[in-house]
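We call the chains A, B and C, going by the order they appear; numbering starts again at 1 in every chain.
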Amino acid sequence: MSRSSLWLSLVVLALPFTGVTFLIYETVGFNWSELNDEAWRASLAVTLYVTLTSTLLSLMIGTWLARTIYMKRSSWLASLLKWPMFVPHVAAAYLFYLLFSGGFPVYGLFEANERNHLVVILTYVWKEVPFVFLMVVGTYGQLNHGYLDMAKTLQLKPLEQFRVAEWPFLVKPLLDSFWVLVAFISFAYEVPALLGVTFPELLGVLAYERLTTGLFLNAFESYAVALIWTLFIFTGVVASYALTAKQRRRIERGMRR
Amino acid sequence: MSLVLSGIRKRFKDRDVLSGIDLTIPNGEIHALVGVSGSGKSTLLRIIAGLETLDAGTVTWEELPLHGVPPHLRRITMLSQSPLLFPHLTVGENVTLATPNRSREEAEVWLTRVKLPGRYDAEVHELSGGEQQRVSFARALAAAPRLILLDEPFTNLDPGLKSELQRLIRDLVRELELTALLVTHDREEAMLVADRVTLLETGHVRVTGTPVLLSETESTFGDFVELGGAFYPSTEIDVSTEPTSDSLVLVRPFIRFGHHFGEYRRSTGEYVILPRNESFEVGKTYYLRQKQGGI
Amino acid sequence: MSRILVAFLIVFPFIGLFLTFPTSFSWDEAILNTIAYVISIALVNVWLGVGTAWWLLFTESRWKSWVEWLTFLPLFIPVLASMFGMYIALAQVGLIGTYTGVGLVLLVTTLPYSIRLAYNAMYVIGRPLLEQALTFAPLARIGFVLLPLLKESVRTIVLFSTVIVLSQFVLVQLIGAGLIPTVTTRLYQAYAGNDVSQALQNTWVLVSLPVLFYIGLGGIFSIWIRLVKGRLQ
């Protein structure tokens, strides 16, 4: 039973890698200087800004909530936090669009579509906080509470207690969440297409538009950007996991459940 | 100059875990809290450490109430069943972390005192369970506590390692003139390590006393049978077949002193020594007396 | 107090939904496509996710860590970026503009999450308990032990795959070559055409489908467990 599903899974999961291979194949001979235009450069800057802001905010708020809810055993808030997970990103984007463009109290605070992409960030944070919460709260659930008690009785200051008794165990789920969110947010179309502006556009939006307009004449630009971006994130993933590998293995082995 | 617990109450949901505990532990004493699981002994320990709130009563240290003092300012450290060394740090770093001025030299001294010299750079998982527990003990001492709480620290160890660690802890705590409170369900262990023992039963103090018991009234006597009183191993004892006015009452249904085992016959109130060597006769009654100048 | 504020911030965006209620619900091709995809992708995800996670948990194979990486890595590849590549790849085999092609890429985007979720859940349950299941015949194993034990994770897997499937606009548009309408593509058209009420109706569908599936699945599971208990008495 498990063997056949394993093979099927492997075939399905090989597809993205096949896709990347095809991107490499397609971009052979591409004149990379074509990418050096104003639109792409502005796009890179705004993408980094939106991605990092939304990701870091989500990680911080999600972790804070997981910690608070775990410590205070606030189960009603935990179940309320599930709500945004029921809303597809597209729908969330549209709900936020309505909030900031209709006759709501927040109307006029800032525009739904404006250059700073504030509503894009807000939508992502609202959607991703529950995801981070889910990743982190599991870790708290399995964490041996004795470590925290130990840190307290060892006369460590509160910040140090967190640093030695919680942080080491959070590294893995936070690292996982960080890259999942960065990969997802940095090259997506749905949310920024609804809430973004025509300049600067996020990478995913610009790439999709260049790909589909003008009879695929600019397709190679998009392929090249998709490839670079994938490799860029891939390098980041490999580097960050390699750098933390020793530490994570240490924790895994020495941990008492 | 002591740890004073008075009127300590704690409820969990609809159950009284501790219903009015009064206990005074003088400075420099190793005190054992004995009880079956659910008797509230660990909860009491956590209350003293500040890890648990209490519903009524006070905990004072040298006449200063500890109420509202967070655990990390109480100067009370703890050793639990599991060593709980922080896995992202080396063995030595775990100890350094606890020293007040983060001194590696100091940590190395502590490691030597728990008989693990030169293991500063070892990884946590490279140490055996017993060694990890020793590091944990060194770490608890390194934090310069005035009181150390021992929450069944020997439970997960093999018998050999257990008695080794029991001796190590007892001797070091004595030498450093620390006050220690040991929680255990093992009466013999309490006798072995502690100066005085308190028996906790469903949230009450049943009785407090010393492992070496002088002849007393029948009622306390009964209590000490419950308590499992025994002779402290270092107590020197005279054994005679004739009762004397200051005979010790041997208070455990089955006790051990030195290399000999004794049995208490409740019906006759006598002690029967079950000898391991030829100096005692099987089945014969002996009366025990503490030697002059003993504990 | 801060908890109340957090609760408010979570609930607040839902206000937008109540601008209008779906008035004239039309059972059209887009909704049919959407529901068909959601159900089939969810089922395949549960099957492949649990099966693969089971293999990962029990295998002694030396390929284990490689397989682990292969199932995990797609989470770190930007979906849209690899989609461009898959677009080229699927075009070679003529799957662009077909239901199969779209279904396949929807599966690609959801499966890594499902394997991860199933694996984590099984890891928490632990091998000893799961090994007990091995003493049953395959069908009984699934019905009597696996499903009851994993019911919450199965619900989460279905929720994740449903929500992800419902989120995809570019993927369906690109791989489906614009020939396969779903509620999501409909929402974009309504939005582009500034048709607020049409867009809101689609939003309602997008939000209520995962909720309905989640609650429905919960109900089915509790009935199932009651049946299983009944049979065992």
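Note that a contact is a pair of C-beta atoms (placed from the backbone, for glycine too) under 8 Å apart; a residue touches a chain by one contact, two chains touch by 3 or more.
Predicted model, so just to flag it, every value in this text is computed and none were measured.
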item	value
Grouping of chains that still touch (sans chain B)	one piece
Centroid-based (C-alpha) most distant chain relative to chain A	B
Centre distance in Å when chain A and chain B are each reduced to the mean of their C-alpha atoms	52
Centre distance in Å when chain A and chain C are each reduced to the mean of their C-alpha atoms	18
Approximate Å spacing (C-alpha centroids) for the pair chain B, chain C	56
Chain B-facing residues of chain A, complex	144, 146-147, 149-158, 161, 164-165, 168, 247, 250-256
Chain A - residues contacting chain C, complex	1-6, 8-10, 12-16, 18-23, 25-26, 65, 68, 72, 74, 77, 80-81, 83-92, 94-99, 102, 104, 126, 138, 142, 176, 179-180, 183-184, 186-190, 193-194, 204, 207-208, 211-212, 222-223, 226-227, 229-230, 233-234, 237
Interfacial residue positions of chain B with respect to chain A in the complex	46, 49-51, 70-78, 80, 82-89, 97-98, 100, 123-125, 139-140, 143-145, 149
Residue ranges of chain C in contact with chain A within the complex	3, 6-7, 9-17, 19, 47-48, 50-52, 54-55, 58, 67, 70-71, 73-89, 104-105, 107-108, 111-112, 115, 120, 124, 138, 159-160, 163-164, 166-170, 174, 184, 187-188, 191, 196, 199-200, 203, 206-207, 210-211, 214
